[in-house]
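Take this structure first; my questions come after.
Chain IDs A, B, C and D follow the sequence of writing; residue 1 opens each chain.
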Amino acid sequence: MPVPSRVCLVGAGRAGKVHANSLLNHTPDAKLVGVVDASPEALQDTGDQLSIDARFDTLEAALDDLEFEAVVITTPTFTHKSLAVMAAEAGKHVFLEKPMALTIAECDAIMAAAQRSAVLLQIGFMRRFAPEFVAAFERIQAGEIGRPMIIKSLSHGPGLPPPWALDLKKSNGMLAEVNSHDWDCVRWLMSSDPQRVYAEVANFKGAARGVEAADFYDNALVNIRFENGGLGSISGVCPCDYGYDGRVEIVGERGIMQIGDMQGQSVVVCTDRQQGLVTPIFRTWSERFAWGYIREMGHFIHCIQNDTPPRVGGEDGRWAVAGALAGTRSFFEERPVYVSQILDEGWTPE
Amino acid sequence: MPVPSRVCLVGAGRAGKVHANSLLNHTPDAKLVGVVDASPEALQDTGDQLSIDARFDTLEAALDDLEFEAVVITTPTFTHKSLAVMAAEAGKHVFLEKPMALTIAECDAIMAAAQRSAVLLQIGFMRRFAPEFVAAFERIQAGEIGRPMIIKSLSHGPGLPPPWALDLKKSNGMLAEVNSHDWDCVRWLMSSDPQRVYAEVANFKGAARGVEAADFYDNALVNIRFENGGLGSISGVCPCDYGYDGRVEIVGERGIMQIGDMQGQSVVVCTDRQQGLVTPIFRTWSERFAWGYIREMGHFIHCIQNDTPPRVGGEDGRWAVAGALAGTRSFFEERPVYVSQILDEGWTPE
Amino acid sequence: MPVPSRVCLVGAGRAGKVHANSLLNHTPDAKLVGVVDASPEALQDTGDQLSIDARFDTLEAALDDLEFEAVVITTPTFTHKSLAVMAAEAGKHVFLEKPMALTIAECDAIMAAAQRSAVLLQIGFMRRFAPEFVAAFERIQAGEIGRPMIIKSLSHGPGLPPPWALDLKKSNGMLAEVNSHDWDCVRWLMSSDPQRVYAEVANFKGAARGVEAADFYDNALVNIRFENGGLGSISGVCPCDYGYDGRVEIVGERGIMQIGDMQGQSVVVCTDRQQGLVTPIFRTWSERFAWGYIREMGHFIHCIQNDTPPRVGGEDGRWAVAGALAGTRSFFEERPVYVSQILDEGWTPE
Amino acid sequence: MPVPSRVCLVGAGRAGKVHANSLLNHTPDAKLVGVVDASPEALQDTGDQLSIDARFDTLEAALDDLEFEAVVITTPTFTHKSLAVMAAEAGKHVFLEKPMALTIAECDAIMAAAQRSAVLLQIGFMRRFAPEFVAAFERIQAGEIGRPMIIKSLSHGPGLPPPWALDLKKSNGMLAEVNSHDWDCVRWLMSSDPQRVYAEVANFKGAARGVEAADFYDNALVNIRFENGGLGSISGVCPCDYGYDGRVEIVGERGIMQIGDMQGQSVVVCTDRQQGLVTPIFRTWSERFAWGYIREMGHFIHCIQNDTPPRVGGEDGRWAVAGALAGTRSFFEERPVYVSQILDEGWTPE
């Protein structure tokens, strides 16, 4: 039995609890030893719930007082760069939630720090570890549906993102906070980088929900042309209210593949013939991707213990950031945008 | 273009209207020329709705005053034998709704009359014409799932049968009125006759619906052993309230096949994440088997015009009557019953 | 019983046979009295198959020698304008297959001719008559999913379009020949006109299938902004090889709705545990939209007999042509295109 | 953090490995400390795979040399009574795989030993812990479908049971080895005990698979009448070859509920329009009930640590044994059998 890897959780919110559950209950080779959060309430609530006594209000404090080998960072995106760089420079392996950062420059800084310190960097793209996505990828690679021609990926989430994520100055909006997974998935499953992006957005519910941020949108529809000539579509709806919905459909030269389903638990009920059959829908992302979250954390710990690079690294996170920025620029400028321009020159919504 | 066959509808109730729709709108080689019903209200209502002026309160009257080649009989079961025999003896081809009759003796009388007059006799087992059942039968015959080992067939209907059908003295109850289709389907799809039958029944809703008939049951579960060694199950629930449900599942030596689905119209909706996805269920038998009803009537007319025997004849109707009687006897006597005994000796629930 | 309306079929190809089937077998108030086709082989084949003796190689000839009230035009798109105008000017009601015509000017000419002659004009958008689409439209109108925010519509067809339809000079390509239905459906279901269109296309299979037409594409992905602020997506894949696939998904303010399904006949089979469950897919458009084709023709005849305007007229056909042209212009010019520009100024791919 | 409970695994076969996986990877409060198996090969293979050094060829040896608080027994059924009694008498908590034992007398002996030693006894009915079954039970209890009227439960397994399980003298056959889960589920979900049982069995594949045991059957169909008047059906097919299939369907006074699905992983593919859509089926019971296995073990450990009785105890195991015996007696004697007779008098297939 290997010695469990000691992990410090940075960010005690919802995503933090999901990863803590994976570490505590489903990753025997890991040991969750501390929690960091700037909010005293979140820290106490989560610390108590997890029975973790080592609690800190900053990562610095944890680095000073606690022994650990790795961090799992689940704080707001605008803090990612400084926290990830700090952890890497302190020699800690870094598991970093999506989106990786706000800008290409921040992504570069994180990757450079990890490389300098020779620590591992994994981005929280759990869909790459969801069993049905893994199987789909392998079947595509094996040629089952032929060369992919069109891919469509959607993420519709039930509620509003946190307040800071509504403002395009602080977050890159839904295209980054929610659709990061889609940007990563379409690139991964197509085995090709996005070349050109066109996006349309709409704001249907913002006013009624009290969102005052300029440029807020709750619906996005993106058209993508890939380097290999394939086409892609990403859609985002937040809040969609009806459930958590993440699905992918791919048409290849030889056939079609659908990954994921709206139906959650396999219980079908009919008690009203006018209404019809009712099946549960997935209500939350943590429910929808339960195994993805468990397995991505298992993979991170496995990589630490075996000193192998994670399957999803900084380069992947950087591409997703570039996609979100290209999409944002597209709807700002009402024209298709080349991703290479974003990667080369950077761009931010000012 | 052939001369359309002239058809007289005997029975102006719900089933009669379904067949009239097939004849009027989807069977160009037929001409519906008259309607018979003992009830003046039904006669007027249906006659008006179909724009048929030739209306009669008895089959005798229609035979006297109207020219036609065929009857479609949809009256209550206890009238089948006298009407079918009368029509056959008058030289009319007979389409007869299920169940064929009340007793084996009545079935024999109908078949004998048809044979004497050399008229065609088709029993209204529309499932045999439903496209998915036809395709399933052909695939089983082609050996796709190997030799069938277990077949399960169910018919759950939303409402109470008509009053006369609640009384085992007048109708053989649900096992005949509703499950006739299952008795026919399991025998057809298994390509084997039922040998031994065991039935359990229950009465859950009768009292609340004001049913006072002794021996009334609204739930039935039947176990069947077939001549070829296979096993079968039939279930009936009436009123089930939740919709109209007719499905078959077959396990063969090489695999499994499911025929039919609860989901009706392909419209999936989710507007409440606590409740989930909602799809329409079939609400009525006429909706569920829309194409089956159209095609069985097309087949009947085609047989008349080409003088070929119908695919579903008196022998098939007789076996379904025997099955229902064997099931009824089984729960009366609380023991398995051999169908051969019913066929050879007859039996009625006294 | 009303006197059946006499109909002449113009175009004896696949679509012609589908409509002939509706007229002959499922539309009792219509009488198919003649067939027109320039190809002697098609004329003989289809005439024999339908048992129609009145056969003509031109519409002019039919107009000279045959009495009828209506035409059903299913010829190649580039002939629509002259045939529809000729029929209208001869006082015949016009059922015209999609796409309505090649240009906005042609659409206008057809509509003007119909109006001058006071004849009915219905465009062959059978999805508007498919029961699940009708039910979906009504449920959206009733507010079940709230105001539609995003609509996605796809049409993937198994085979190559006919040769003339591969050339953007003669046909407007797949965006018109195949995706006409999507252009119409998204506008109908959103209850809003498309405002701005961005399209990406790709050519994956053309070379291998011997298509030499410049600008040929077999994959298209279109982004739409609607007048009411909603977003839309249309995808087309031809040949997709895997089946005929036509589905719509709509996210409204209160929920999601999916219309249509890939699964065709409800027969599920598993004979290989490594492979899994297998269900039939729709193989052809005529199979997928069987009821839509029957009901749109019933509607056309009903409108003739009651002198009421068809639910889907020239205006709808014109919008679909404008959408296809806007999409084509978008990928030619690599920019979003306003549909109003197409409607006002016209445009053709030169 | 509580001290993990020390567990010894008795039985190093397939079921043993499944439980070891739950203990090692998903039950942080448990520590798997030893393995027992009479087969040196199985012991070495499983011990190596689990990295467990404490290996024993008998439970006696483990009791002598190892400290632990609980056993997980997964050996053949005919060894259950002696092992479970021995463990209980040694003061160890007992998790015992289904079927509980061969006879009612053996069940009674196990329960008595557990009670005398005041140790916990949990039977391995993992379906009671599968999330969809738990949710279904709660929804039934809440009255969602009204009072259950008919329940159907099936278990079809891909392969032959182990050789000893083919012989009715050593195992009670498929009705016990495979359908134990169904016997338990129908009683649990109906909230009523089975009263009367009628069973038909068939042997389709035995000869071809080299099974020579007298009375071997590979298909069973059971009819049940419950104490509360409800009806039930259990079916078993082993080997069914096509996959692992475990589903339940319940019709209540107010509606229908289906629990479980044949479709496994949510990946739908179509590459052949003649064949259609393909989705994975569950291939094994461990895959089908992955969460059920994890959660039943978590429950066992939780009960140990909190000294609370397991949700599924000896009484439940005993009823399932009684059901299997009643079914066996029914097909031996070709008549319905009352379960009370089995419970009161015992019975074995001699």
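As a convention for this text, a contact is a pair of C-beta atoms (placed from the backbone, for glycine too) under 8 Å apart; a residue touches a chain by one contact, two chains touch by 3 or more.
A quick note: this is a predicted structure, and the numbers were derived from the prediction, not measured.
Should one ask which of A-D and A-C has more C-beta pairs in contact, the pair is A-C. Each chain's centre was taken as the mean of its CA atoms, and the one lying most distant from chain C is D. Each chain gets one centre point, the mean of its Cα atoms, and the points for chain A and chain C are 41 Å apart. Counting partner chains per residue, chain A has residues 241-242, 254-256, 262, 268, 270-272, 280 touching two or more of them.
Residues of chain C that touch chain D in their complex: 158, 241-243, 262-264, 268, 270-281, 283. Per the touch definition, chain D reaches chain A in the complex via residues 1, 24-26, 28, 51, 131-132, 135-136, 139, 144-146, 254-261, 265-272, 280.
Listed in rising order, the residues of chain A touching chain C in the complex are 147, 149-150, 152, 156, 196, 198-202, 204-205, 218-225, 229-233, 235, 237, 240-242, 245, 251, 253-256, 262, 334-336.
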